[in-house]
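In what comes next, subunit A is part of two complexes: it sits with subunit B in the first one and with subunit C in the second one.
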Partner chain A sequence: MDQNRQGARASYIALTIFVAIWILLPSAVRRFNREAFSEFQAPALHLAGKGRDLAKFWELKSRSNEEMAAAGRDLARINAALELKLKSMDDVRRENVRLRDITRYKDTADYLSVVARVATRDSSSWWQRIVIRKGRNDGIRPGSPVIFGITVVGRVTAVHLTTSEVDLVTSPSFRCTAYLEGDEQNRIVLVNGMAGNSLGSARARISVIPYDYFQPAGQTTQVFTTGMGGVFPSRLLLGTLESGPLSAKEANFKEGQLIPARDLYNLQEVSVLVPLHQTPGEALLQTDQLQ
Partner chain B sequence: MKDVPDNRVLPSTPIERLRLHAVFFFFFTGFIYVAFGLGYRQLLQSNDLKDLSDTQSRRVILRPPARGQIIDRNGYVLVDNRTRWSVKADLASLQKEFRAEYSKKYQAEKAREPLHIDREKLLEDAKRDVLQAWLNKVWFVIDETNKTSKTYKAPPRHAGLSTPNERNINIEELRKHLRERRPLPYTLVSDLAFPGTGQALTPNEGTKSVARFIEQFPVDGPIRLDSDIIRTYPHGTLAAHVLGYVKDTDELPPNVDEIADFKFENLQKLRYTGKKGATGIEKSYDSSLRGLSGWELWTKTSAGYNQTRLQASESEQGSNVPLSLDYRIQKAAEDALAKIKDSQGALLPGAAVMIDVNTGEILALASQPSFDPNRLADRVSTAYYQEVEKTGGWLNRSIQGLYPPGSTFKVITAIAGMRNKVVDWDDILQCGPSYRMGGRDFPEHIPEGYGDVNLEVMLAVSCNVWNYQVGERLGIDRLAREARRFGLDVPLLSKSGDSEDGEMGGRSTELPSPASRGLVVPDSAYKLRINQGPWNPGDTANTAIGQGYLLTSPLHMACVAASIARGETRTTPTIIHDPRRDGRHQGAEPIGLNDAQMAAMREGMLRCVEEGTAKSVRIPKLPYAAKTGTAEYFKKGEKAHLAWMIGYAPADNPAVAFCVLVEGQFDTSTWGGKTAGPVAKEMLQAWADTARDPAEQAVEPAAR
Partner chain C sequence: MGWAWLILLLATYPWLFAADLASDFTASSGLVIFISGACIVAPCRRLRRWQSVPFAACVGFLFEARRPIPDGALALFLAGAAIFLTSDKQLIRNTPRMLRAAAASNAAACLIWFTFAAGAAGQLGGAKFFSFIPQLIIPVVLAAVTGVVIYIPVSLVQNAAMDRMGIPPASEGPESP
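Up next, the complex of A and B:
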């Protein structure tokens, strides 16, 4: 009995000492530990992601021949339509090349695109953060925009060796400037993620909408990036402005909600646009020289 | 076995029982007292106590509203609001950093001089240093992102702390903020789109600067991006004297009583600095433009910072004020004035007015030199104030300038002569090279004189001798009476409704401080009143040609032209547009000339343009009537020339009347038709374009 008590006491003491040591540890050591934990966790995340890919593969494999044939027919139709569209774009492409030649326009690429599979979603903030299977080893840098097609998914917030964390458009720590379709004066508005409710659908807030902006009746208003902030390229789709009256906010502006363009829950693959040159924001994150 | 008393039982003697009861009673009474006290406070005093608690733990923050727009008669926006993005530090979130910095400083100070540690100063320094570190980060982002802009010049990064720029935390401002507005965020950069005084970023570059900060500065943390509304004048100096500008005010908003009545009567009230009109329409229609404040109800921490927002009410934008100005005519007038320069290429001061003959609505009211209200929208810098002061740009010459009207006054001398039957429209007067009055020779413009001159010729060539003779026959009192009939001594621009703004000497006016007491229509008593001796015939000669003591404003002379065009004596000008306005004018009566006399007057003014002193500014296909004038006046103690031109158009069916004045030099280069005429011509052409195709206004964005 006494031995049990002594054992229990010893474990409490050990826990207290551990907590005290953790608190007193220099922040660099703690940061290292956290980083080490992320790296330790990374293989598991990779495995989980690959397992999910495999499951998807077998799920598709198990489909009947009729289903596959029907899907093939649908794809063929879509393919034919797209090929037709591509043909019609040829003239535009040729004209574009001609004009570039005349003006000696050099299209300097500002971003390097890195395709990455989604490993998992951060369970602590279900709608707000995903982990992708590309990291520092693949050239990903914090702050890089993450897209799917021409739609914005989010922004890289933390980079580990082989994984990276991406804050989605709906995350409260996501912020960017945008244009509202139809606002001829192209006045910038602010898109900010909202702390979501776990059962509701993901949303972001669109604020600083000029008081004289009115949504065209019966139309969906698309929201695009401005490209002015130096992080997101211009004219990427962020989503649509929720229809209905905009609420007046901060006396002089209106506010509305953004419905993200992609179903963030079903993302399988994304592209990370890594800027070729370091942005001031990155420099700010990396250095403490300003202090 | 001997019984042993049991000490564990209660004493049972009467004395002991009495003590016990006393103790019970004492505790019971105490309990009842506490129970009643609790009940009293819970049931009867609860409301009062709750109010008291609320008062101590809550506060109301008042937010100023957006001001209304000022638009022209076609809905074109002349004054608007723009979003101002500012960077602010949330002091409540920085508490931890303040403490850490203080602790660091305290340890250093303790090691250096343990006996004399000024804790207050250390804490203040710690706050300043923490904020300075954040401010450096903000500037790092701004500078890095604006490096590509050709117009952007970053000020020295670590200028001395005494340098009053937005790169350094000003300790005095910080102290004031902590003392008076601690719960409100502290402003690090007040206008992100235009960082630093004098930074010439284009609007596009400014917006880019804001966008870069939004996307590149960390979202989390104590540095917040705030946005509010600031006044903007999209056309810069255009109509600046009419529009005015705004200045900071700590006055409580007009609806503060309603907010207080609602439920927060005793709560602490904090307010963001609001704006109120300083001059122009911004001042005289401030009560319409300013709108109603919004408010937020917050709980506060024991340290006085905001904690949780409980309720909020939105502010209400002020009403729009529609001006009678026409943007295109106003612009034409100002552009034309800007072309008039002296021999050294310096701008000559001047004014131009155009009014609607029938309604009296002012279509253009220009004054040169001017100022840029955008540079005064946030705060007035001493350097800019002095720059404008040096050029004389604060004076609205069109309504505040007082000048002798020169030969434009001859129309009144002629009317007075005909009404008093001392001359008629077809009388021919002999006009030699000069005329002797009061023992002095008064000269003609041209050495040889004009010979036989009737009314029409007089108006066309602006003959002086004709007016000397008529003035002599009339006498000064009859001449002065006629000038007063035309309202030359009556202040203009009175407000029609009740208003507390734009008030001048107890009179409420549409624009602040229009000419009033300085207006002079001299008569025989006037000279005695100002101790200049008795009136003499020479004074009458001078007055008959619009010289001498006579002083009036360009707006008054434009009204004279409009009145003659309508055949009445008075025109009530107004700067406010009202589509339902009728053609009635306060105090107006028929001029009192017969048809032949009126026809001769109109024909004379038409001939002035067709073949007379204004023939250089004829407009093909737009016959108009005018009278030019060149007056002498003293400018800073030196004699100088004034160029005048008044008139109306079209000559056969008057719709608009105008007056142009240019303050020239005392040389032969400044003459009514030659100097003021081109401005009148530009205005009339702009009016003709507008009248021909009013729909063209729609090419520019209209008011929302």
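Up next, the complex of A and C:
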């Protein structure tokens, strides 16, 4: 019994020493450890995601020919409408290129779109994130914006070999600048995720809303990205401003809540916009990692 | 058997992954199905201390790897819990005690990661601390309940794995002095 107690005491001392060493270790070692455990779990995540895709495939395969024909007809109609829209956009694009040439405007925000399937979702009071089945091997870089259609989903926070973690718009670590629809002066507001309540729906906070801004009566106010900061392209939809009175936190500004444009936990597929050129944020991240 | 803890970790991983998939379903409610604390109880009964500690630490690292929890916070806590459980096996002598230990260990581990994650998200300072306390209650209670519910099936798989590896069974009676 004494031997057992002595052994336990020695183990506690060893653990304390290990904790001290762990704290003093260079962050690269801890990062390597985290990366190793993430990579260990990656095959299981892929397997689960592919299993879900297979289930969906068989579910679709079991549909009747009539249903498929109806879906094909609807898609053909949508395609025709989109083709018409594309034609009208062609003139706008030519005019845009001409004006850019005249003003010698240099567009730095070029993105490569990488489509990725969602593997899992994970949410608590302090984070809301999804794991996607594309990673470093597919060219994804940390900080890249993640969208679905024209809707902002979030931002890539960690990239592994074949998977990436995406912080959603409602996650407390998410921040970006935005414009409110209906504000003719295009004043900038700030959007950042909020720590959510357990069992409650996740929201984001819109702050620095000018005091003289009022929501248009009877309609929802959409919130768009500004394109400033070089992370998100401009005019992407972040969500809508919650209707009702806005709270005034500071003297000249009001605060409101952002309702995400989509149900972020039901997404099956997202697009990651990987910047073709290195962004200032990435340069800073690289400097941080070197230090 | 030196690598018994690693083989046991591989046997336990499907349960940890199943908990992650369950968390996927509850993501819209902001709940995490956490079972790591309960998974260390059965191995602590039969493995030696030096085997239980790396097993518990790896279980913690697996949970932390994909979540914004400070590195090692949960893993080192579980390692400490493993030392505690292997030092005082009276606490996990029979099934009711094991269930109690699973609930307590899971709830305490949940408290640790939740608090450290809140600290990392900057939600512990000043007035935010008062909104942190009510938020803590639901995940910790859920973890305690999950620990009890999940303990029996997880321990069945773990005991089967340990039987196959030839690890001697734990004594059910009181320990001799």
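Convention: the second predicted complex is superposed on the first by the 204 of 291 C-alpha atoms of A that agree within 3 Å, B and C clash if a C-alpha of one lies under 4 Å from a C-alpha of the other, contacts with A are read in each partner's own complex, and residues count from 1 in each chain.
Simple rule for what comes next: a contact is a pair of C-beta atoms (placed from the backbone, for glycine too) under 8 Å apart; a residue touches a chain by one contact, two chains touch by 3 or more.
Everything numeric in this text was worked out from a predicted model, so none of it was measured.
After overlaying the two complexes on the shared chain, residue contacts for A:V231 are found with subunit B alone; subunit C is out of touch. Residue contacts after overlaying the shared chain place A:A44 against subunit C, while subunit B stays out of touching range. Legend: residue contacts after superposition of the two complexes on their common chain; A:A70 is shown touching neither subunit B nor subunit C. Once the two complexes are laid over each other on the shared chain, residue contacts for A:L99 go to neither subunit B nor subunit C. When the two complexes are overlaid on their common chain A, residue A:S173 makes contact with subunit B and with subunit C alike. Set against each other, subunit B and subunit C touch different numbers of residues in subunit A, with C touching more.
Once the two complexes are laid over each other on the shared chain, residue contacts for A:L84 go to neither subunit B nor subunit C. Legend: residue contacts after superposition of the two complexes on their common chain; A:A20 is shown touching neither subunit B nor subunit C. In the superposition on chain A, A:S201 contacts subunit C only, with no contact to subunit B.
Using the contact criterion defined above for the overlaid structures, shared-chain residue A:P210 touches subunit B, although it does not reach subunit C.
Subunit A residues 172-173 lie at the interface with subunit B in one structure and with subunit C in the other. Listing the residues of subunit A that touch subunit B in their complex gives 143, 172-177, 185, 187-188, 190, 192, 208, 210-212, 226, 228-232, 248-253, 279-281, 283-285, 290-291. On the side of subunit C, the complex with subunit A involves touching residues 13, 17, 20-21, 23-24, 26-32, 49, 53, 58, 61-62, 64-68, 71-72, 76, 79-80, 83-84, 86-88, 114, 117-118, 120-123, 131, 135, 138-139, 175, 177.
Taken together, the subunit B residues at the contact with subunit A in this complex read 63-66, 81, 83, 133, 136-137, 140-141, 144-145, 207-208, 210-212, 214-220, 225, 227-229, 294, 314-315, 317, 701, 704. The touching residues of subunit A, when paired with subunit C in their complex, are 1, 4-5, 7-8, 11-12, 15, 18-19, 22, 30-31, 33-34, 37-38, 40-41, 44, 48, 120-128, 131, 157-158, 165, 172-173, 195-202, 263, 265.
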